[in-house]
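Multiple structures are listed underneath, in structure tokens.
One chain, chain A, appears in both complexes that follow, with chain B as partner in the first and chain C in the second.
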Partner chain A sequence: MAITPIKNLKEFSTANDRFEGAHLLCPGCAHSMIVRELMNCSDDNLVIATNTGCLEVSTAVYPYTAWDTSWIHIGFENAATAAAGAEAMYKARKRKGTLKDPDAPVKFVAFGGDGSTYDIGFQWLSGAVERGHDFTYICLDNEVYANTGGQRSSSTPIGSSTTTSPAGRVSYGEKKMKKDMVSIMAANGAPYVAQLAPNKWKIMAKGFQKALATEGPCFINTVSSCTTEWKFDPKDTVHITDLATDSLVFPLYEIIDGYELNILYRPKNILPVKDYLGAQGRFKHLFKPENKHVLDEWQKRVDASWERLQRREEARI
Partner chain B sequence: MKGVCATEKRGTKEIGSEELVGWDAVTQGVVINSFEGNATNVASLKQEERNYSDFSSYTATVASWRVVKPVYNRDICIDCQNCWVWCPDTSIISRDKQMLGIDYDHCKGCSVCVEVCPTNPKSLLMFAEHEEIEKALESWPTKEK
Partner chain C sequence: MAEKYDLQEVEVWDGNYAAAHALRQAQVDVVAAYPITPSTPIVENYGLFVANGYVDGEFVMVESEHAAMSGCVGAAAAGGRVATATSSQGFALMAEVLYQASGMRLPIVLTVVNRALASPLNVRGDHSDMYLGRDSGWIQLDAFNAQEAYDMTLCAFKIGEDASVRLPVMVHQDGFITSHTAQNTNPLQDEEAYAFVGEYQTYQEMLDFSKPVTYGAQTEEDWHFEHKAKQHKALMDSRAIIDDVFEAFEKKTGREYKRVESYMMEDAEVAIVALGATVETCRLAAQQLRAEEGIKVGVVAPRCFRPFPFDKVREALSDVKTVCCMDRSSPGGAMGALFNEVSAALYSTKNRPLVTNYIYGLGGRDFSVEEAKRIMREQKAHADAGYITTAIQQFSGLRGPKLGFFETNRR
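This part shows the complex of A and B:
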């Protein structure tokens, strides 16, 4: 396959972009950083399906498309199904000898936000993974339904103020824990799953390339810092993502064949979780004295999950 | 072009001059082509070598979104490509490992490139949209201690 490891950023920058500007994503949106990188780390022909969400509505506003590859949108929930269907058809036609160019390398990719991945398209994704289609599903996780006005999803973390879990006099915002989608997908039978972030571009590119090269369904959760719903200045997207990975709120790791867990990034200085939370408007109420217990709870959970990851890495079970 | 509308008389009422049709006659989707003619091997072509159609957003502009714009100073740049990898709007023009400048048709003025530029002083700085590039370059700050 036409996948060559990327040595350094200068070399990477010779890639010819296939995700065009003048899409309508917000200034500073991490979605497009992630999508650009996926498309730049491979020369293969890409067939990309996208769930309804910010990425879809902003990149295919008639009469324009930002995509220089085959791209399909059907519904909110079914990018996984669309990619799986295209992949099944491709295989069948290859078998029957009806492809125009049977040797051209083709990869199937699906994108979805956390709303369509963790909630609405969960069943479709789980089914496509279970059936074993050869595709890579990438979740652009901004922990909220950003496209429809900032409603909570099952990816929204505790304490976050959203339009359906607003913080105020009686509430500190979202009450529930974020769903552990990466583990769920590993348990679902995906041969390669990972959590990656665009601030660590090299780790992310390597993970993307690994997923594309792995036969079978791969799942990648990417941290997609959202300037609008997380409430930070657009210029700070990379900085906020740095805080996310260095506080271990978003640890970067991969799981191969459901058991071989590798931690991909160990911060030299682990930052306190409150540095990450304090940089975003969606968590600002947590710094009131009456909400101190939520901050403590946050740190406790992040510490525990880091401990668990390290043990799983050692144990290989 | 046929039109449909969701009234109780669906399938019988005309919208304007368009004839109303049943659900099974409605076009079920739309295909738009990013390129004119042959669209193979796109990944091996630079943007200026491609034959974009009018449907590609490459031919559109979001310049009007900006109130501030990044200005690029070639004299200080070390071609590290940080700005290229993190620009969310494909607006850093890099060719053959060299940063060439900013694509002002597609840049939204987010300032991410300025934040990630590692040189001292920075090789990219934000200026008011109406500022002339020459004036901006003349007023460039000197090295910070």
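This part shows the complex of A and C:
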């Protein structure tokens, strides 16, 4: 697939509307921005598989569908395998000559939230990537089980208050580090992995295009700021995402063939992590004096991760 | 093009090999599978067919049975012929996706080699997995030997893919007894088998982009009920198609199959109802008992476990005095499933025969011709007395003190 350069946001945002606006996602949800970008950045036919989650329950409530392309949802955990099965059928039918339009390019894409990607669907994703199916998996990472009302996932970062890791008199909330899915997927053998964010839409579109153009399984973790569970005003989605990328809590980078790491965005002014944390209700309790150590820990970890990414970029290992 | 496989008129195949050949001859587009005892050889042999050019579809070795059925669902929605194989724990692991496959009306064929469910862990044959699938919305066909494992697998594609059915189909055979016992088997030649199964007819496929489709939508209390009712109706209505396919198969091969198989039932006073390889044991016992002791005993076997042949079971059993239902699955605090379903069918007959229940053969415990004869004699005693002279539910072949539940109150 040729990668078409995208210059104008207005044109791009209405380029190829295969994801209809009439869905049930929350106002201010970043999911729809990410999904539309994916679908607009390619003219190829798309088969989309979606894990159970916010995106799925909000876009295909019978008798309606927001998807103007082929779409399938099976369960919470198996969108990667659904896409892999469809891709296998495409190969078989192409070989046997039973496709209705054998020359039209087809891309296979699976969407999952962090619940289905980092946790319950981890095995299915790992298996499909290991087997080398030609598909792109996109994680809409809002760091929480948002669809079921805000329970922790293994993507939930330290100090976040969720309904199953609530902050209280003796707890500052989630105790564990966020799982590093991008590195895991690179180590799993994906030829292209990236972390992208919808506020940096050009970088995101280019990353999506690269993934679709790469033969084999690609994995993309996208930052999907969640107005409901992160607790910020719906109008501030892009602003919060700016804070995420500019504080380097969500650094944007890609890894090609498991070793060639490229940083895709270097903020001119790196913001302190507390600016990002302070803008969201889920971290409010961290600003109490007794939790200062968590804020310090946060900054330390973000600095270390940025340092590690830069070294890996230089070293090409 | 896949290579033609050179077959003799009579092959010596076990049930696994027979099923693998049927999948090969149906020219399945995608097999996504995960091996498990005792169905592993189906997957291994299919893999060997792929390696030697006898299959030109895709063979995807996934990382679990849940993924196997998930891959099958994705593949089937993309518009082609799909099949897989499993047993026991693997069957249990794919249970979630079995419901999704039938709910999306995808005609996947699943060859199930029946095996006990843990715990305790057990690799031998019983019908726990088969019973686990009974509300999953699949058609369930039952093969009693290797020949039938082959025949039923070919029929399964034709039944499930029929435009008016569009439902997934399981073909059951008994672990080890059928799956690993080599028997004389009469296969069709490749082209004949494929001509019988027919070309796959695509319907609402994801790879036709001129008509995008949404699979696996959400329905709540407003529409879910209507979908499930329609699905149930499709299952019930598939009875006529199953009959048609069996008839077409008989025309092609001379081998006759019915949704309920009756043996020596014309003048029977006593009937045994069983599934799987046990049917053949019971038939032999009935034959011997008639010759040796003059007991008029017959054997009734649901070939089609789902949709349950309520109509045909009632027809087959309405004139007998006693019916003994043999359940090879731990009933978990109830009467055996076969007992419950057969009793329900017989409740609306005039005659209402006496119905008893035996739990037997769990975890591969042997069930002999002698034991079958003992049970038949016991049924004859019920018939003569006019009431059930033992507990209604008993255990056959169990070590230790006799176990039984519930007495009749019809004496």
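The rule we apply is simple: the second predicted complex is superposed on the first by the 310 of 317 C-alpha atoms of A that agree within 3 Å, B and C clash if a C-alpha of one lies under 4 Å from a C-alpha of the other, contacts with A are read in each partner's own complex, and residues count from 1 in each chain.
What we mean here is this: a residue touches a chain if its C-beta (ideal position, glycine included) is under 8 Å from a C-beta of that chain, and two chains touch if they have at least 3 such contacts.
Being a predicted model, the structure only gives us computed values, none of them experimental.
Trainee: Under the superposition described at the top, does placing chain B and chain C together on chain A give a clash or a fit?
Mentor: Pair status: clash.
Trainee: A:Gln123 contacts which: chain B (first), chain C (second), both, neither?
Mentor: second
Trainee: For A:Ala30 in the superposed arrangement: first (chain B), second (chain C), both or neither?
Mentor: It touches chain B, and chain C stays clear.
Trainee: By the touch definition at the top of the document, which applies to A:Thr69: first (chain B), second (chain C), both, or neither?
Mentor: In the superposition, A:Thr69 contacts both chain B and chain C.
Trainee: Examine A:Ala22 and indicate which partner it touches, taking first as chain B and second as chain C; both and neither are also allowed.
Mentor: First partner only.
Trainee: Where does A:Asn269 make contact in the superposed view: on chain B (first), on chain C (second), on both, or on neither?
Mentor: neither
Trainee: Would you sort A:Val57 into first (chain B), second (chain C), both or neither based on which partner it touches?
Mentor: It touches chain C, and chain B stays clear.
Trainee: Touching A:Lys91 in the superposition: chain B (first), chain C (second), both, neither?
Mentor: Second partner only.
Trainee: State the stretch of chain C that overlaps chain B in the combined model; pick it from 96-104, 150-158 or 330-338.
Mentor: 96-104
Trainee: Can you list the residues of chain A that meet both chain B and chain C?
Mentor: Common to the two interfaces on chain A: residues 45, 60, 62-63, 65, 67-69, 101, 104.
Trainee: Where on chain C does chain A make contact in their complex?
Mentor: So the residues of chain C in touch with chain A come to 29-30, 32, 56-58, 60-64, 66-67, 70-80, 82, 96-97, 100, 200, 202, 206-210, 212-220, 223, 227.
Trainee: So in the complex, which bits of chain A are touching chain C?
Mentor: 45, 47, 49, 56-57, 60-63, 65, 67-75, 77-78, 81-93, 95-96, 98-101, 104, 106, 123-124, 126-127, 130-131
Trainee: Considering the complex alone, what residue numbers of chain B touch chain A?
Mentor: Its residues touching chain A are 30, 32, 34-35, 40, 42-47, 50, 54-62, 65, 79-82, 84-91, 94, 96-97, 103, 105-112, 114-116.
Trainee: Of all residues in chain A, which touch chain B in the complex?
Mentor: Residues 9-25, 27-33, 36-37, 42-45, 59-60, 62-69, 101, 104, 198, 201, 234-239.
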